[in-house]
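Each of the two complexes below includes chain A, the first together with chain B, the second together with chain C.
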Partner chain A sequence: MLNPWEVKGKTFLEKLGGLHWFWIGIILCVMVLIPTLRPLGLPISTTQWTVDAYNAIKNAPNDKVIIWEDQWNLGATAAAEAAHTAVMRILFANNKPFIMYGEALDTPQLQQYITAKVLKTAEAQGKVYGVDWIQLGFIAGGEAAIVSVAEDIRDAFKTDYFGTPLDQLPLMAKIKNYKDVGLVITSFGSTTWIESSVRQWYIKYNLPIVSYTMTGGATVSVAYYPNKGVVGIIEGGRGGAELEFLGKVFGIAQSQTDAKTLSFIAVAVMIIVGNISYFGTRGKKNNG
Partner chain B sequence: MLLVLLEYILPPGPLTTVKTELTLWLTLIGSFTFFIAGTTLVLKYSRDLIRTKKLSSVHFYAIEFLIVFFSYVGVSFLTGGPSGKTYTSLYTNLQGQLTQAGWVIMAFLEPWAAYKAFQLRSVEALILAITGFTYLLFSAPSISAAFPIIGTFANWIINVPSLAGTRGATIALAVGTILLALRMLTARERGLTD
Partner chain C sequence: MADIWTYLQPWWLVIVWTAIVSWVYKDNRIFRIATVAMVAGGSANGILVNLDSYWNKGLLPIINGSKLLMIVPVIISIMLVAVFFSRYSWLAKIPTLTMMGISMGVMLSSVIGAQILGQIDSTMTVISKGAGDAFGIINALLIVTGVVGSVLYFTYSKEQKGIYGMFTKYGRYFLLASLGPTWAGELSYHMDFLIQYIQNIVAALRLFIPI
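On to the complex of A and B.
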């Protein structure tokens, strides 16, 4: 069905069932556009796993460093921006030094984009690069990369993302290997990546992990939550909104939450309409 | 494989050093594959363009690739590497927006897929529809705030059937991987191409 104006079927229910995907997309666009232009301020609920993730970050040991391994890329900015920003602001607000690196080719660009935004917020004032946070670039190798970082971070990286030798960065004096890590934040899309993190950080070194992922990744992460490695889960944009609320670092997630709620209601209505059409025409087809 | 298994079981010692070194090699090989991938594409597309007598749509893809590839390489070399402001700005504003646009197109198709896939045509479809519908409503934070029962039911789905399924799949995958590795080590696994 290439022509969106083409309507198949004779009866109203048949026509409803043959609705072109273009119109469904248009309804969804409108639902996203309304709260983007004018946030509705709809209430949000918090999930236990996000509360646990927030507490894990807040209560991470002060004498150790937080490792943030990141697989999100620039293409996922729309989904990642709220939670990435909220995580970084909460880390700054609670004076938790962190080191981030990327496991996807363009993760460093995403991290730079987010950092530039976060540096304009109140929580980042007075924070110094190299002292409060470090951005190491991209590392290839997947699970092998985690092993290298955990066993000796200087073997895995010689310089930071900007080419500065690691020994010139004061924060690096606090870390050599996994023994100096207090918490691992592992961020990834709807994949099973959490299993690699659990194998390498938790099973080998008993380090707690906050899984920051999308819906598909959250359902896998839950297998290790709350006491088998994963101490908290941040689920994409929704998790970002919850983190903003919990950490009082309000940002873009509120309007995203409104858009998400309206568009999901629209999809839910479409599912019901699709079934009405299906059952309304089924008997007819059987009789015919 | 044996070395990694032994190192895992034994206390830290000489084997640990060997394994650490091998793991480092793995990350180096991983990095090198990107170099090989880039070189292979440049060679392939250049060869296609040189040898062609008549341009077709495939050659336009080749031209597009070569222009973008060398632009990025050029900008990177001339403006302070990939962490430089120009490269970052180019990457964020061009690549970032284009890849996001790709995802946005899916926003048209996914609800339509739900419209069709969640029709209760069978028992399996009924289960898919109930779980999908509940998780959809749960994922909209305002809906589960207004109707907490949706959150309770979604949590049950995640913590009981979904968790059981995930663990089952993980165990099956692990056992399968070990069996496959053993078959490969004993030359019993011929692969898909044989």
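On to the complex of A and C.
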């Protein structure tokens, strides 16, 4: 059972490092709660790879379609929702038609959940399903599914997510295979999925990719950025906040960044305190 | 007037989320009910989505005659059921191996260009391409020596001591440094959960209390 009052160690430095994790959790909760109740409006800096991702979306060829493959699931919603919403709003704001599908079992429902929210925004007004965007649903097969979609999208999907035959959707007239694709947005919860996308979309079909990774995945994506397939990176919630700022589509990510900034400062202080305790007591432990 | 779902949804989210978080205090019945419900819901969704996919992409094209060749993968997939019958369980290896073969084939067809040649190329040409000034040269040298040191760290045929050992240790520091942003990213990823949890609680409370 949880016992927050338990403090390990005898000396001050040992006790400092032996503080129960419960109190660290409480500090983090307070740091998140303060800006949630009263937003602080702390500044947001943009990274070059997010700017590049934004520009790649904004400058995608108008005569081609954007393919958006999602490979994150329910567990990643908290990290993915902000950027997913921002990307969708930016696509609508710039009149870029896109087709999205899911490679995880529950992704189509999550796409649907986010689409319902996005459709209430100003950018989505006047947009028509089937003309401006299409949701295709789930496809099994992982990396092999990419090849299937790239070679012949009608072979990979017979209907959209709602059961409508693809030929009844006007946007489908613009696309047959990879030759009609202008940009690929690949979003994923696993760190290494980008390797599959680069292997197929870039190496086989020479298509530029915007890597929309949950935070932590950017370290792998950056190996292919900026000229080995990945033309821009959107890194989880932070990337979402940057996109909201760049595209002027303010939403939930902005409200989360204050909380993140405050809690990360707290985490940095705790790491310093932990190291002081560790190095301060290491000599004594070795001698003892 | 807002419908009941407007009020129910945030609170339902908070209740279920809190039931899971209650494990922090100790393992309890509410936590187990919530996790079992989550697994059951996920499994049910998985079964339905897969059946739907199997029907639409596998069976329907055979039934309506649009793609009769689909009979081949369908037959191969049915062999998976043989795993339940010990006498014929060997049949289940055929679809497994088929999927492995397809996945490996798709991957291998472009892995050399993407993950081997491409990465070597960008590492080795970084000096000529990126070294515009003194800072660029230092950057390029760091990348090249860091990659070589990290690769040598994973060679086991020679004992890592002396000057060679120092160089592999140098490579190990690069590996550790690359773990830094990865772990920081993990922290950021998981903080998103805490932030959204607290935001949900505040949103649910705001339905009744002006905070």
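Everything below uses one rule, namely that the second predicted complex is superposed on the first by the 281 of 288 C-alpha atoms of A that agree within 3 Å, B and C clash if a C-alpha of one lies under 4 Å from a C-alpha of the other, contacts with A are read in each partner's own complex, and residues count from 1 in each chain.
By definition in this document, a residue touches a chain if its C-beta (ideal position, glycine included) is under 8 Å from a C-beta of that chain, and two chains touch if they have at least 3 such contacts.
These figures come from a predicted structure and were not determined experimentally.
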{"item": "Chain B versus chain C as contact partner of A:Ile139, first or second or both or neither", "value": "both"}
{"item": "Touching partner for A:Pro43 - first (chain B), second (chain C), both, neither", "value": "first"}
{"item": "Which superposed partner A:Val198 touches (first chain B, second chain C, both, neither)", "value": "second"}
{"item": "Contacts of A:Tyr161 with chain B and chain C, given as first, second, both or neither", "value": "first"}
{"item": "Partner chain(s) touched by A:Pro226 [first = chain B, second = chain C, both, neither]", "value": "neither"}
{"item": "Touching partner for A:Leu105 - first (chain B), second (chain C), both, neither", "value": "both"}
{"item": "First, second, both or neither for A:Gly217, with chain B first and chain C second", "value": "second"}
{"item": "Touched partner set for A:Met270, first chain B, second chain C, both or neither", "value": "first"}
{"item": "Which of chain B and chain C A:Tyr113 touches, first, second, both or neither", "value": "first"}
{"item": "Footprint overlap on chain A, where chain B in one structure and chain C in the other make contact", "value": "25, 28-29, 32, 74, 78, 105-106, 108-109, 139-142, 144, 147, 195, 215, 218-219, 223, 235, 238, 260, 264, 267"}
{"item": "Residue ranges of chain C touching chain A (in the complex, touch as defined)", "value": "24-26, 42, 45-46, 49-50, 52-53, 56-57, 60-61, 102-103, 106-107, 109-111, 113-115, 118-119, 122, 178, 181-183, 185-189, 191-196, 198-199, 202, 211"}
{"item": "Residues on chain A engaged by chain B in the complex (per definition of touch)", "value": "19, 21-22, 24-25, 27-29, 32, 42-45, 47, 73-78, 105-106, 108-110, 112-113, 137, 139-142, 144-145, 147-148, 151-152, 155-156, 161-163, 192, 195, 215, 218-220, 222-223, 235, 238, 241-242, 257-258, 260-261, 264-268, 270-271, 273-275, 278-279"}
{"item": "Interfacial residue positions of chain B with respect to chain A in the complex", "value": "20, 23-24, 26-27, 29-31, 33-34, 81-83, 88, 91-92, 95-96, 99-100, 102-103, 107-109, 111-112, 114-116, 118-121, 129, 132-133, 135-137, 139-146, 148, 151, 158-159, 162-163, 166-167, 170"}
{"item": "Sites on chain A touched by chain C in the complex", "value": "1-2, 25, 28-29, 32-33, 36-37, 74, 78-79, 81, 105-106, 108-109, 138-144, 147, 158-159, 191, 195-196, 198-200, 202-204, 214-219, 223-224, 227-229, 235-238, 255-256, 259-260, 263-264, 267"}
